[in-house]
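Listed next: structures, encoded as structure tokens.
Both of the next two complexes hold chain A, though its partner changes from chain B to chain C.
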Partner chain A sequence: MKNAQATAPRVPGRRLWRLALGELGFAARYGIIPLYGLLTVVYLLMLSVTPPQSRGTAGGVIILTDPAAMGLFFMGAMVLLEKSQQVHCALAASPVRPWEYAVGKAVPLTAVGLCVALPLAAFAQMPLWGVALATVLGSFLFSMLGILVATNSDSLNRFLIYSIPVEIVAFVPAMFYWFGSSRSPLWLLHPCAAALALMTRDTGLWLWATLSLLVWNIAVFPLCRRAVERYFIRLGGVRL
Partner chain B sequence: MKTVLVAFRQFLRAIWGDAMLAACLVAPILMAVLFRWGVPRLEIWLTGLLGAQRVLSPYYALFDLFLSLMTPLMLCFAGVMVVLEELDDGTAKYLMVTPLGKKGYLFSRVGVLTVASIVYEMVLMALFTLSGMPLWQNALAALANALVSVSVAMMVVGFAKNKVEGMALVKLSGFFFLGYVAAYFIARPMGYLAGVLPGYWLGLMALDGSPWWAAPALAVAGAWIALLYRRFAARVLR
Partner chain C sequence: MISVRDLSFSYTRAPFLHDISFEVGDGEILGFLGPSGAGKSTLQKILIGMLKHYGGSAVVDGREARLQGGDYYERIGIVFEFPTLYEKLTARQNLRFFSSLYRTPPRDIDAMLEAVGLLPSADQKAGEYSKGMKSRLNFIKALLHNPALLFLDEPTSGLDPTNAQVIKQMILTERAKGKTVLLTTHNMQDATELCDRVAFIVDGELRALDTPRNLILRKAVSEVAYTYLEDGREREGVCDIRATRDDALLNRLIAENRLQTIHSREQTLGDVFMDITGRVLS
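Let's look at the complex of A and B:
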């Protein structure tokens, strides 16, 4: 039996799939999914009292700052809870690779974010494909940033403090882009402005906005993978 | 009392080290400055853009009320996060069996800052009020919102089994802000449905200029505390 297990063919991505499913289960058990169900209803109510011509603008702000940025808000608690439960010690000794751990955390939050963003986009009559793309790429980026900050934080309070500058750098320029009069393509270099550009009906910007978000994701992912690797290595105050 | 003060000092040192205390003290000031000088500028821009005489100015008291709730909530969150951390890693249990006791532990983590927040909020509002809110309204709002922040702390600590659930509940506490919005945007008697939120009555107090609306605000905030106390006690004080 033991021998059969050892020689069983390795299914690519199976471990990642299980990690993601496990995280999704935790998100449901810890109240993140019910909370976002409730928030979707509240956001829809808020959009319904917004004048129809401003719903797209309000919807863009809501989607960017909440469902897409969920990873940045919850990642600290998720990583620090695992730390206090010593889950990381088990993970560090298991075959799970740092990149699988990071992606396994980002995928479920992205899926939940998408389930919130799409009804809001439909109600605000925003382009669904653009919103979906912005939410997926934005949420993945925010989750990576969340892991980067969380693996460098010793406490929840410290995580919250460290995430403030990230939020300021992410959201303030994006709000200037969204509410300002300048629509220069240079704005698309900023990932959140690029995400907002994907939520407009100006499809001419979509390709560049998608490229910008992809480049940001590709740039941040190795940093995040390395941060998790370092985090696993220095667990318990000793190098494993 | 001495043990509570010692525990509070240790707690202050911890959140000072995390820079959380500084953030909790500075964040309401930043928000107040942004409201006091940013919102009137935004109003000028919006009236020019929309060709209307007034866009935001009828809601200046709403901004004041937001600030009035944000101040105690920020300070309460700092305490709640530490309690969640200490419940998760087991430190809380050890502290509760010291002469500090369970109630002393909670008072040192949440109570002292909440009481301090009343004074802090009143000073901030007196300096930065956007609508020129009178002192009596300011004091009543500070008192009611301090009770709201206590009920939020009870809700988070009482229901959250760990940090992740705590963060979800912290997010849920944003619903308390909806009471103000309901007072301004939902006509009475339909709006009374939002009366389960203390902010609704504070919104009516600001709208009508009558101090009597503070009575249901205080009563509802007290009812939230009474409702959450059993759960909270079961989790922490058992």
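Let's look at the complex of A and C:
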């Protein structure tokens, strides 16, 4: 069984690129990009009224809890909006693989997060490479978590309820690390503490913080892929 | 192209589809007819690989449906019974986005839009479309990558007769190009016009499978229907074609030259469906 027209040669990543581009377009259409343009200005104003010696600390909190974590907040809206338009059926019955769907959603939000985080980091005189690494790895992780929660939520209310424990577990220990006095390397096992560690000038922590975030991403990615796969199967009407 | 043997499936512990067997050849249009909840869409979901935990065998293009990989979707086109469109995107943007997910270069998008009368509103958001316009857009979305096998679930649902005819003509054109079509419908007229063979599905069972003509001719007896005036109102009488001599009313009307109309009335596919399944399709 062959299509009437010749099938183009397989180009690795081509479909993923199309999905990511499409997602970026949706982010613009649904106002996420303009919103973050505005938020960047607001955050810069907030940093400008913060004493210069505290800008790095404030910048770390802002970057971690918003541009880096936007995937967790917005994924629910994005996935559930698609669900309401029933496009998931079309995607589940298309060549799109579950992992491509997940990564295609995470990459644009990570890119937007990076575009917000870098000006803030530059203004607060934070280390740009560290902030970039923390934002990319943190945002990807949060996007994966957002997809995990969204694919298991059947309404926005439920998504908001389910995401609260994730936020508590993610941010509360990180704030203890950031504002506390302990600098034990064990903190780096926590992904958000590791992301914050990357935003400091202490480059001695960077390797372990990067490794920690990579391990977290590698651990959560298959869970996220499986969640999308199960979600696609549930579209067929099967309870799992 | 498709070979289904002893297929069974259940969403819960109770069996939903049971012991379904049929074959579909290349270039054939097979219609699944049945009331809502009969199992037609479930059968389609099994064949497109969305439901994998089934019993028996469902082989499509030489491979078990549950084992089909992503490349399978390059070769099939699916119309769900509801629109699957991004409402914030225009019709053209929807088609461009979905066709970009396939390796096959898309057919001419404007030509497809024109074929279903949507070219003038191609740059309108899908969310602003009427139900019928969404159905037409949904239909051509499934054809863009030129698939060899089409699964169509109620493709004329929500369409006015003119647009339904356009879609039916396009389905026949696809068949003429050698495409295989599995059509799920509860519309007898569509099934009669389009299908080479139809399968009656009721309560998860395949009750009959044959060409529409053979099914209609299965019950050879036809009826004679006649109308006449009585007390100033038109009335209708019906009798078995073999019993016209015994119908006293008919004979009296003929003798008194009071018949207004008289004609034979063959069974429709709907009548046959009711005979075989005991159900009526809307």
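The definition used in the following text is that the second predicted complex is superposed on the first by the 229 of 240 C-alpha atoms of A that agree within 3 Å, B and C clash if a C-alpha of one lies under 4 Å from a C-alpha of the other, contacts with A are read in each partner's own complex, and residues count from 1 in each chain.
As a convention for this text, contacts are C-beta pairs under 8 Å (C-beta built on N, C-alpha and C of every residue); 3 or more make two chains touch, one makes a residue touch a chain.
All values derive from a computational prediction rather than experimental measurement.
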item	value
Partner chain in contact with A:R18 - chain B first, chain C second, else both or neither	second
Touched partner set for A:S94, first chain B, second chain C, both or neither	second
Chain B versus chain C as contact partner of A:Y30, first or second or both or neither	both
Which of chain B and chain C A:R158 touches, first, second, both or neither	first
Touched partner set for A:F232, first chain B, second chain C, both or neither	second
First, second, both or neither for A:F73, with chain B first and chain C second	first
Partner chain in contact with A:Q86 - chain B first, chain C second, else both or neither	second
Superposition-derived comparison: chain B or chain C, residues of chain A touched	C
Which of chain B and chain C A:V49 touches, first, second, both or neither	first
Doubly contacted residues of chain A, that is, touched by chain B and again by chain C	26, 30, 85
For the chain A and chain C complex, residues of the former touching the latter	1-10, 15, 18-19, 22, 26, 29-30, 82, 85-97, 232-233, 235-239
For the chain C and chain A complex, residues of the former touching the latter	1, 11, 42, 45, 48-53, 61, 70-71, 73-76, 78, 80, 82-89, 97-98, 100-105, 107, 141, 145-149, 177-179
Chain B contact footprint on chain A (complex, rising order)	26, 30-32, 35, 38-39, 42, 49, 73-74, 76-78, 80-81, 84-85, 155-158, 160-161, 164
Interface residues, chain B side, partner chain A - complex	15, 18-20, 23, 78, 81-82, 84-85, 88-89, 161-169, 171-172, 175, 178, 185
